[in-house]
Amino acid sequence: MNDQNDMIRFEQVDRHFHTEARGEVRALRRFDMTAKRGNLTCVLGPSGCGKTTLLRLAAGLDKPDGGRVFLNGQAVNGPAKNISLMSQEGSLLPWRSVRGNIALGLQVQGVGRAARRKRAEALLQRVHLPTNVGRSYPHELSGGMRRRVALARALCTNPSVLLMDEPFAGVDEPTRHQLQNELLNVWSADKQTILFVTHSLEEAVYLADRVIVMTFARAVAQFEIDLPRPRNRLSEPFVKQLVAVREALEASSEYNQTIKH
Amino acid sequence: MPKYILFLCLFAVALVGCDNKQPPENQETSTQSQAAQDQPLLLRVGHVGHDHHLALYVAALQSERFKADYDLYLKPVKDREVYELIEADHTVARLQLLKVGGGSKMPAAMSRGEIDIGLGGVTAVAAFADEGEPFKILCPLQTDGDMLVMLPDSPAEDWASFVKLARESDKPLRIGYKAPVAVAKLIFERALQAEGLKYTLDAGDDDIDIVLINFGSEAGPIPLMERGELDGYVMNQPGVAMAVHKGVGKVIAQLRDLPPAGQWVDHPCCCVTATETTMAEHHEPLVAFLKLLLLSTQLIQDEPQLAIDSAVTWAKNPREVEQQSIPTISYVCEPTESWLAGMRTWAQMAEDIDLFKDRYAEVSPQQFVDDLCDLSIVNAAMKDLRDRGMLQ
Amino acid sequence: MSVSRQASRIALGLVIPCAVLVVWHFASRHSAVVPSVASVVNVLIHPWQSPPTLDSTSLASGALISVLRVACGFTLAAITAVPIGLIVGRNRTARDILNPVIAAAMVISPIAWIPVAIIVFGLSSPASSMYGDEAWRYGMFDQLRYAIIAVIWMGAFFPIVLDTAAGASSVREAHLEAVQVYGATRMQRLRFVILPAAAPAIVTGLRVGGGIAWRVIIAAEIFPGTRSGLGYMITTAHDQAAYEYAFASIIVIGAIGLVLDGLLRLAAHRVTRWQVKERS
């Protein structure tokens, strides 16, 4: 079972919550999944299917009720140093400047002010933001710029694993495409292991080496995307791949149920 | 960071303050140990600040004169607050004067161990002693000074015309009082009963001559009089003189003269009180302190102008107020037979209104006076002064 | 803002005070009790003068001691209430234990605690804690009676606790996770997320608490053994029918209250700048 290429591995993971509104909610049910070292793996699924729980477990922010989660072969038992999490839009701290947000991880790790500043400025350039944005506050930026700041923050500690929770949701399509390309640039240079959660089929096929489809707390299908990069969304092979994934998905009654739902 | 440290220090100091409160016996021990270290004994004297306690203020203000005439005087250490009581070049004690407020505030401060000697009204001291506090009245400070004041344009000019007005008036007269158990109110009620006037504390009653209204504080009646919401009030000095000075009232009777005739002469007001512990442990300083008050009272009686000047300086009331107030107060520090009779009369009134619930609930007025008053210290002080020819 | 707009704003702000002055002036002409405007102004322009007709320290030293008392009580309230509010806001057990007590204590007027404070603290002060019988030598330090400070503390404490708890409980999980993922310690979570996120609510609590503290001081200064403070001055002025001092004290109380609120508003603006902009 153990493969040295597996960076993230879920084995029969169960996780359920009790909420006052909905009673017992099962977020993950005997969930199995692996993400290969240096690969970009997308988890595709509708809202509420357990994708965020999956990332929280991988990040060590939560503990499973059953089964085990491994990171680089070690059982996950709390946040690890080589991991970063890029959450949905709202996770930037609104009371901190852009620079303060980017360097947050370094500050938590006790890195000095000068080094933090230097690193933050380098990352601003890397995500194509002007240096003077560093003094701004998140609410003073556009949606696209905020995502870039969040990406820079996630990269700040030089993580070998990047967990991304619908990071580009809620921005217009051209900006979204731009951000996807920037992520791919970063990834192709650093070769982090990326676990990318999205509900966009097209985004998953464009970015991923592998797409895992989740519905109702389970992984129901898995697709290896074997297209060369950069991928052309209008190219025939891309469209064919998209159609193939979609057809395979639609065959899944559970997925159809979810879509209708 | 230093800010936080400062805050923490303040907090720590506050906590230390909580622990600092000790029962009276411990405080005595602490004062004794200080005395042993050549620090003068500290006696804390609670007072009100108005002209009833003039004997203390005259002594404090006439330091040089007392030193020259009696070799017993108060040497100022901190003006109006701390004085050394010196007799024959010997520092008997250091007195800290604390303005604790009138009514029950003085005996309350004494019961909490905050003061050793208290100057204040007999009523509140007796009420605390009734509940078991080990307080003793050492001597009187003054008597009388309670008046009936009416609006300036009232047809009532004296007690007789007041009674006539109350009987004939279409509406009941509205007469204010300071506190439910204030001596002025108790005397006034008995005078109304003696005259057969009907009165009530409830403004809703019909067919009555007088409604009594509680105005609650020293200056309470003045705005009410100006607004015409009271026809008059009964109160002690200097509250009476203040209303006259402000032009909102006129004095029509001293309560000592109200019926039944002669019963209210020398009715008690303020006195000197100490705890039994203070009396037992600091007998000599208390004798010296009472000698000072006796001499000071003598000076007030002999030199009215000096008394008025001292009251104006200390209490900071307008001169016109003190000029009217002081002559109507009987300053007396010796426990005269007349004062003792006044105390018995007061005890009888207190019994009539069920003021006493415990220690004095079942005793006669004479037993009450015998128990509450310990005159041994003032008698010793008087004897010493008389032997030396200082007291008339 | 244009100069003319600013001028008209100031002019409008002066309408009611001017009307009050006129009414007051005419009222005093027909009253022996209402002091004249001139007599009150005379008190105000000689703030260091020992009142010739009142058994009290000067207006300025009274104001100073009142401000010091409020500063001490308020500071104590802030440094006790903020941590407790944070605990209540973040910890369900603490919330279950403390909420009923806070809810009950909240509805009791701070002034009602005056007798309790006198019983517990008596005349003790920082000076008496340190110097015992020699406390009288230490002037203002002795006038900072614990009983007065305790009542101010009671007044300011609960609004600060409640607002802090509300702020702390509304911290977004996503913000906490942003630091947790880097292995932030409990103190780091507090420093980097909970405190700054709750800061606007804390500042609101401090403003409300500060306002109450300043209002309570007036009643709290009737404590025995006190001969200073604006509250003492008002009570004594009433007792001695020296109403010009009562009026002057009221004006000074209002003026200091305005300055105090302005300072807290300024502090609030600094801390909540991001929040205001975020909303707009």
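For reference, chains read A, B and C in written order, and residue numbers begin at 1 within each chain.
Keep in mind that, in the parts below, contacts are C-beta pairs under 8 Å (C-beta built on N, C-alpha and C of every residue); 3 or more make two chains touch, one makes a residue touch a chain.
Quick caveat: nothing in here was measured; it's all calculated off a predicted structure.
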| item | value |
| --- | --- |
| Chain contact topology (line, ring, star, complete or other) | line |
| Inter-chain pair with the most contacting C-beta pairs | B-C |
| Label of the chain whose CA centroid is most distant from the centroid of chain B | A |
| Whole-Å gap between the CA centroids of chain A and chain C | 50 |
| Euclidean distance of C-alpha centroids - chain B vs chain C, Å | 35 |
| For chain A paired with chain B, centre-to-centre distance based on mean C-alpha positions, whole Å | 83 |
| Set of chain C residues in contact with two or more other chains | none |
| Contacting residues of chain A [partner chain C, same complex] | 56, 59-61, 78-81, 83-85, 87-88, 90-96, 104-105, 107-109, 137, 139-140, 153, 157 |
| List of chain C residues in touch with chain B within their complex | 31-33, 51-55, 72, 75-76, 79-80, 118-126, 128-130, 132-133, 136-137, 146, 149, 222, 224-227, 238-241 |
| Complex interface listing, chain C residues touching chain A | 172, 174-175, 177-184, 188, 192-193, 196-197, 199, 274-275, 277-278 |
| Residues of chain B touching chain C in the complex | 7-8, 10-11, 13-14, 16-18, 20-21, 30-31, 34, 39, 42, 46, 49, 78, 80-82, 96, 98-101, 105, 108-109, 112-114, 217-219, 222-223, 226, 242-243, 245-248, 314-318 |
